[in-house]
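For clarity, chains are labelled A, B, C, D, E and F in written order, and residue numbers in each chain start from 1.
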Amino acid sequence: MNKVAVYRKEHFNAAHRLHNPLLSDEENEKIFGKCNNKNYHGHNYDLIVKVVGVPNPMTGYVMDMKILSDLINSEVLDKFDHKNLNLDTKEFAILNPTAENIVIVIYNLLRDKIDNKLDLKIRLYETERNFVEYPC
Amino acid sequence: MNKVAVYRKEHFNAAHRLHNPLLSDEENEKIFGKCNNKNYHGHNYDLIVKVVGVPNPMTGYVMDMKILSDLINSEVLDKFDHKNLNLDTKEFAILNPTAENIVIVIYNLLRDKIDNKLDLKIRLYETERNFVEYPC
Amino acid sequence: MNKVAVYRKEHFNAAHRLHNPLLSDEENEKIFGKCNNKNYHGHNYDLIVKVVGVPNPMTGYVMDMKILSDLINSEVLDKFDHKNLNLDTKEFAILNPTAENIVIVIYNLLRDKIDNKLDLKIRLYETERNFVEYPC
Amino acid sequence: MNKVAVYRKEHFNAAHRLHNPLLSDEENEKIFGKCNNKNYHGHNYDLIVKVVGVPNPMTGYVMDMKILSDLINSEVLDKFDHKNLNLDTKEFAILNPTAENIVIVIYNLLRDKIDNKLDLKIRLYETERNFVEYPC
Amino acid sequence: MNKVAVYRKEHFNAAHRLHNPLLSDEENEKIFGKCNNKNYHGHNYDLIVKVVGVPNPMTGYVMDMKILSDLINSEVLDKFDHKNLNLDTKEFAILNPTAENIVIVIYNLLRDKIDNKLDLKIRLYETERNFVEYPC
Amino acid sequence: MNKVAVYRKEHFNAAHRLHNPLLSDEENEKIFGKCNNKNYHGHNYDLIVKVVGVPNPMTGYVMDMKILSDLINSEVLDKFDHKNLNLDTKEFAILNPTAENIVIVIYNLLRDKIDNKLDLKIRLYETERNFVEYPC
């Protein structure tokens, strides 16, 4: 009762390549097309973090947006911004960095750091026309 | 468990007129105002299709966005883009093309073509300030 | 069954200051930082009102967007647009005008005026990067 | 010296068809393609009016944005909003309503009503991806 | 020859009131309407700084965007963000904070700090629908 | 006289790294910071092509937007979309792919293909907050 959702938008720029090492080169090329380019391509990722809870009656805040922004910066942006997701991050050293997998990874990175009384949902824009959300 | 939503944005441009043939001209004019103009007006419709499912572990995709985009183009945009909804489409030959009715029609057109294991939701922007979503 | 959501976007410009009179000046400064500036700062608030119901078969409308827009103008914008929320409104004379509290107040102002058969949800953008939603 | 540009954004929704009555049906179809659909299609037109002048030292205004908005409404939107440009307006009864021709017409409608000491330029968005500007 | 324009977008949130102390209260009310509210209102100001010059052949930069962003932050945002322009700033202690006057003040603040070989132009959005540019 | 500007917006996704091979690694790191990451990062580039000319009186077009879009696709997007600018393109094999250099390269690619009677200007968004324009 009286739960409010608060949202914070951040962004990062990264290179990636869609590739599953368990598949042959031909299968990767067939499934992922130009997104499989061996030299990588990249995106401006927009990230929207949704936190749901009852506002603290003393502050009127569900969560201080400054603290949430700092958390997203330290847990997500410091890892992924201006990086090659496949080469520079341990999260996607093996895991294929599709938008679906990135949004699950970001959720898990933040879930550990946010009070369990607060619900969490992540939306990630790979482009203005392709985006994902987790959990559903 | 581990369901992810994927979204694809497309758009089309169409003319329409709000009019219910079961009502008199006076009632149509009273209810629909300038949207009832007998010579039609038009919109840039933005369409966001949401598909929810468990990512395929081999591809990391809930659904290939290229396939979803092609499907929206063949099932929806080829029918409605640069058309007069009232005159050029069988869907709105009788049914009044309000945003509510258009979004239900688009849902039904796509629902038949997408795997039943995947949930589907449609958002349609008639203008930046008026938009609808189905189902709820 | 066959419920559709309709959304209407409006906006207003207002000054505010985050401050809880039950706390000391030092505590207010510590919690709210630059948002506690005693001379106020301000925002362009974007407001999205979501109404959910079954479309009327005669009109194809869940609710006439003109009526919804007029209602938002008379119940919300006339009260808050070009106002100082802390000084010019009775709603925030004591209540701290955080985005969370503003969105709850707007929900309550509109809930009384909209048919109970229709569900209502409000989203409020304080900036492009900070926004809230109620209820959840 | 010390000239400032002020801009006001408005929008209107209209149906149109690209067609030149001096050309044959085959030539019209070849040149204008799906934009030549005889039953019309439509757009949400976004209009940005730019006025350049020296701010009045007493008001700090180049031009009162309320007056400019009212002028755009009375001279442009009342003529074109929720209309079929080809059928409902005398300006495009013969003149082909391409974005280029519409922006010139809007410039001429407003130029007569704005003080000659002020420069005027119009930008018109037919879609987010196709837009025009006049004069250059 | 070979000049390139580079643009950097920043934003700040501020309260203000349009008021000319040389005019009577009645005249201020008549000219500025609800913008004259004695308790202030506010805006999310979006600021776009344009710098024009020949790219340095060694760096490929007209100007390092990080340096430009830092400069905008130290010279403009530190002065105006989360402030009441009329009460908290010496620039608008007397000068009426219309968008036209704010954009001229911002230009002058930055012009002193940027190499004279580089041209400078400022665009300021007071709302999405009202914005200004200087110089012209 | 009676010149109109027409604009077409397109986009592409690419990886890049800012690096000048004439400078030492230390100098590159110092000048370009995280943009110098040896494994690349990436962007969604938005591209706006402006063409200025007198509308053809028979068509009402300065230039057919379909032809302009096809030209941008064949001359620019086919070269750069889903590519690593440094590794996959001859244009940036040596030339540092700063936004300034990319916009000049795109201008030159298109200038050769567009009638000399038409003026051409290119705007390139590297992010929503950093963009460039050429020529000036």
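FYI, a contact is a pair of C-beta atoms (placed from the backbone, for glycine too) under 8 Å apart; a residue touches a chain by one contact, two chains touch by 3 or more.
On a predicted model such as this, the values are computed, not experimentally measured, just so you know.
Contact count check for D-F and A-F (C-beta pairs in contact): higher for A-F.
The distance from the centre of chain E to the centre of chain F, with each centre set as the mean of the Cα atoms, comes to 28 Å. Work out the mean CA point of chain A and of chain D, and you get 41 Å between them. Chain centres here are Cα means. That of chain C falls 34 Å from that of chain D. For chain C, residues that reach two or more other chains under the stated contact definition are 128.
Chain contacts here follow an irregular pattern that is not a line, a ring, a star or a complete set. Contacts from chain B toward chain A in the complex involve residues 2-10, 52, 55, 58-62, 64-66, 119. Across the complex, chain E is touched by residues 11, 13-16, 34-35, 37, 39-44, 81-84, 87-88, 127-128 of chain C. Chain A makes touch with chain B in their complex at residues 18, 20, 22-23, 31-33, 95-101, 103-104, 128-136.
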